[in-house]
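Have a look at these structures, which come just after this line.
Two complexes are shown next, each including subunit A; its partner changes from subunit B in the first to subunit C in the second.
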Partner chain A sequence: MMTPSGPTTVKHLNRLKLGADGMQNLTIFGLLVVLIIVASIIEPKFLGMQNISNVLMQISSIVIVSSVITMVLNTGNLDLSVGGVGAMAGVLYAVFARAGLSVPLSATLAILSGGIIGLSNGLIISSFRIPSFIVTIATMYIARGIAFIGAEGSVITSGLPGDFSNLGEEFLGPVPIPLIYALGFILLFIFMQNKTVLGKMAYAIGANIKTSDYSGISVRKVVTSIYTLAGLAAAFAGVVVSARFNQADCRILPGFEIDVVIASVLGGTNINGGRGTVVGMLIGALILGILTNVLNMMGLILYYQYVVKGVLLVIAIVYNNAMRKAIRI
Partner chain B sequence: MSDNIFEIRELTKQFSGVKALDDVSFDIKRGTCHCIVGENGAGKSTLIKILTGAYSKTSGTVTYNDKVFNPSNTRDAMQSGIGCLFQELNVVSQLRVEENICLGIEEKRFGILKRIDRNSKVFKILKRIDSSIDPKGLIEDLSVAKQQVVEIAKSLAMDSDVIIMDEPTAALSCEEADHLFEIIAELKSQQVTVIYISHRLDEIFRIADFITVLRDGKMVATKPRKELNSRSELIQLMLGKIIVEDYVPSNFDRTKVVISAKNVSNRKLKNISFDLYKGEILSFYGLIGSGKTEIARVLFGLDDSNGSIEVSGNKKKINNPAAAIRTGITLVPEERRTLGLCTELSISANIPMMNYSPILSGRLVNDSKVGKLARGFIEKLRIMCRNENQSITFLSGGNQQKVVIAKCLNSNPNILLLDEPTRGVDVGAKQEIFAIIRELARQGNSVVVFSSELHEVLNLCDRIGLLYDGELKEIMENNDSVDQERIMQIVTGGC
Partner chain C sequence: MIKVPKIQINRRVIQNLVLLLVLIFLIVFFTIQNPRFLSSRNLFNIPRQILPVVIMGCAMTFIINSGAIDLSVGGLMALSAISFGKFVTLGVNPWLAVVLALLVGVIVGSISTLFIHGLKLPPIMATMATWVMSSGTAYALIRAIPITDVRMKPIFVLNTLKFFDDKVPLALFIIIGVVIIFLFLEKKTIIGKYTIAMGGNENAAKFSGINIARMRWLIFILCGIMASFSGVWAVSRIGSADPNIGLGMEFQVIAGCILGGVSIKGGDGTITGMLIGTVLLFILINGMNMMGFNPYYQQVATGIVILIAVMINYFVGQRGKKMAARTA
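So, the complex of A and B:
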């Protein structure tokens, strides 16, 4: 009657562990390898140090924010405000710095402003149980609006202190600092997902919110905390972008909210919640970055890239569903 | 045309190495009511899903009306004449009855719907089976029973000669079930075959012409009902062994009160007062809508109420499940799949949901403790699974329920509330769950069982509270002199 013990169980166990998220990660990892091979055949410059560094820099913002967004998606929610919040924080950073506040203080305040938007998102969504996409569309407008107001619809370039760009331009050895940030976020959120009760509760809420209520899990606390983290991360990404270009543009991070979702979903995150890992997201972000890079090198202008990304998102969602049906564990 | 509408031969269905159906062969005679019984996981639903085109078979043949039958999807099966009445109804609740019965069979001209023709066949059929249903009424205003009638009418309008009914009486009252049985008799008289699946053996003895018993994916027997003498003979075929464990009165301590409820009232409840003693199994018995679930919800902090509830002498109000769990109260909810479990997650992810501390080292999750906790409960409650990483979806109903119980026990409760703990659970698992509950009471925990099955209440509980329309009519001791007829009278509002 019982499960047989001994070697057979161990064998099953290994197969199962690979079965769930591992199978999916392995498949997309395969896809990534194929993409790299194809890219290097089409474009020999692709494997150059300079280009690889470019790709990584381009996806660093996505990786920073998508680490948190993967957890937001785990709870069965979306956050479409991250692009707007990034722009808002990037502009506020410049506004504060230009007004004479020190750079560290300006950066801190700008990042906290993103945290406030995230906190509001979380409280509204979890207290009133309103669909997250509509709440975060509203806050996306609010944040983007603040960015436009702060930069007067344009770009703040003058009056910034000399150390304004340090946050984004420095190197750690040969490695540009934004890559270090991205790595830090990945490690932090792999840890959050696997080692904290918050991470486990996020999965449970996304898998079944009613069961979570009935189990005494404080859905409000968990969802609000994760949204606050998402707001902080988005604002941090915006500040880093402003620092890197030594200016604050209210139009930065266009379509960012969709890019972070594409990275997560490509990485096997279930759009309905309950499933998805930060490791998978990293692979997804790399695929997204390489694809954009190749399209750029092939001379395809931005407009075509939207079409490609849209198609990619649809394929990723359909593929995830198919995988979930195929893996019966 | 032969006598047999279905001839099933050596039918096998495999899921990644597990045989859900193993070499099953039997015939279904035209115009009969053919019941399929078996424990959960015996292969009943797999068989039904093959007949309705939801699954494709691995090997074997199915002949339907003398032709080899291989439906490619459910629509295909429906169009060849197989109607289906599932547990969860297929009706769209915001539509009118007439719109609903025309759904999927509506006549089109150039892709545009024709006006609903109220003289068409489907309306005539609906009127004939149940003239009280107004075609212009909204579906959501109808009772589950009447919604089923609408579904049956729809199947008949599509010229179905087979109607498969999967646990159709689960949500019906006695009278509604009686009406359904009359409809089944009428269907038979018109040479429509009914394939009927139910856990309720009384029903099966009442309506079956033939009974097929499945066990572990194999066919044990197909017999005319007349050849079966008693319920226990059927149970014996289903289980392959007899489990009889009748109620033994326990000596719980009547001086130690753990819950004292006084005049608890809310929208659904009227002045409920009772004491729960340490180590007893108390039950609330009543029909659907009598207030059982509502009492459970109040005690677990899900609903508000007036009146006082003292838990272990503490008058502090319990406002949410987290507070209830901290006080030592836990709830196995009525609907395990929607309220009790995260079905997509693994066993080991579900078990700690009420209390994460056993899987922590310091403040961090320790993976080896996660596995150890789950394996402990799997062994203790005899949860049948491949291992603790298996997803809940692929467990049988009884094993899913055991995971819910494990999740609740992990919160270290001393008061367990169980709402319909064995609903939709097979006979064997039912006995095991009874044994688990008895053992918990023996260890000094207090248990409240909310049930609409008298058999369950009489077999398990020390005292029985009878509910009718939100009122607690009486609390009686469970002993040999319990008058079942009187209980039925009280809970149906008879006195």
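So, the complex of A and C:
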């Protein structure tokens, strides 16, 4: 009794020589193209230079952080602290700059403070093998709390030096500098994922932590360094956002942890670890950014966008799992 | 030999006793700092403030024990508060509206379970999705403007009703009632044992004939009802249906559970421990409040407390495992 079932499809797709990652990237790229076409039909303004630059600016911080978060997810962990860390770094940047430190020094210190949070995340998670979400939720509240304390619950606008905003407002030719940062992060992490041992080890740990341990990978070192990178990147994003608006708001990057997860998962990153690429994440982030932009232009109330994001998160994970089930190479 | 179960019980009792000692120490410390801390006014106010955290903590203990987590409680509180307000403005009898709001909790709990068991999402992601969805709907339904309506007035009695010389608030009796019900569920029904079994080893639980999906559904519905009631309760306290109700509540609830020795990995935790942990955390925050700390420091303090509690649970768990291995 043979029923048409899984094995035949797998064989058929095997012949195509396209892995699950490739297949996923291809389909979501198709989705992106469809989305762009639909958006430009609904809203002629969509393809204007101004709007495109807006969308790219909006996703630049998501891309910066998601590059690292993709690696965190690869190891089978989560980092929910990124939004809080970003806010904390932005506020600390302003606090240091207001106190009279030079702008580059205060930016460095703020970014390093994010690194410290990331480092402690990584150390606690990998040393005690505690589920990552609870540790990073706790550090999210700690970091967000520090941001609230630093900005006294509101926004730091006055007393900032004139060159405070240089980090986020400059242009390189016609291109705004945050986009250059985002591009830099993407290239760096594509390199990290494909050409460095750290990237391969991250995949290995996510696929099977026990075998990685037995084959001599220092899980603690790898996880800790990736979390530190995530903290640094989140802090960098926070500093750039604060510089761009020329003020430090303790409420910046709300719901950021969900956005970065959506971008990564849409791009084919397995939420349970072991799979996922930075290239896919970029397409995922573009989809997220364009969808938000279109909903905005169509006049949907801001709050419904949270609902849309929730649905998107569910669909992304379900689609991802289905893809992995259908294609096993 | 026969000693194994004895050690298990001892470990829990010791942990609870240590927590109780810390609690007493904190109470003494805060009373010395500020004598008003032990005034009957403050003491009888505590049940009214702590009610949402305790009753949601009861259900959350089951959920964490079963190896899952529910992040949606805060968003759900807001959603049921808003739907209660909406129903009342539509002319529904306020008490009927309370029941309908509880129904919202049942629905959201069911959706979470559907995501986890139907669509195979990890519980953290599933409930994060229901969290943003319910919180987003709550804001969107009323465009972030709180509902105030005279017709909501009848339910304010939940907050204002007091017994025994107008002193003991109704909240205390609700808390005691809910805790007794949950203790009964934990000790005398299969829910308590099955959730522990699921958290310990989900596959083993499945193969020994536990209907995991149905059990999860049950406890998520319980949690949904508790969160919805907390939402309505918050409306009766602040007098309007505000979408900011429940902001950050999931964190407090989970923190209380973890502090009370509920293992975040599942399979280990008691209602009694949760109760002590929640009260301990609340006393800490309330005491810091009375000492005049900026409320933002409480966030940081709660975060640090969670980190410490998670690590203590880890060490206690390791020790318990070693002791069990030695005597076995």
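Note that in this section the second predicted complex is superposed on the first by the 311 of 329 C-alpha atoms of A that agree within 3 Å, B and C clash if a C-alpha of one lies under 4 Å from a C-alpha of the other, contacts with A are read in each partner's own complex, and residues count from 1 in each chain.
FYI, a contact is a pair of C-beta atoms (placed from the backbone, for glycine too) under 8 Å apart; a residue touches a chain by one contact, two chains touch by 3 or more.
Everything quoted here is computed from the prediction, not taken from an experiment.
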Exercise. In the superposed arrangement, does A:153 touch subunit B (first), subunit C (second), both or neither?
Worked result: second
Problem set entry | Which of subunit B and subunit C A:133 touches, first, second, both or neither | second
Seminar exercise, completed: The chain contacting more residues of subunit A, comparing subunit B with subunit C, is C
Exercise. Touching A:305 in the superposition: subunit B (first), subunit C (second), both, neither?
Worked result: second
For this session: Spell out the part of subunit A that touches subunit C in their complex, as residue ranges.
Result: 78, 124, 128-131, 133-135, 137-142, 144-146, 148-149, 153, 255, 258, 261, 271-272, 301, 303-307, 309-311, 313-314, 317-318, 321
Problem set entry | Of subunit C, residues touching subunit A in the complex | 69, 115, 119-122, 124-126, 128-133, 135-137, 139-140, 143-144, 248, 251, 254, 258, 264-265, 294, 296-300, 302-304, 306-307, 310-311, 314
Seminar exercise, completed: In the complex, subunit B touches subunit A at residues 15-16, 300, 302, 320-322, 324-325, 331, 333, 338-346, 349, 352-354, 356, 360, 363-365, 367, 378-379, 382, 384-387, 389-391, 394, 407, 411
Problem set entry | Complex contacts: residues of subunit A adjacent to subunit B | 1-3, 9, 12-13, 16-17, 20, 194-197, 199-200, 203-204, 207-208, 210-218, 274-275, 328-329
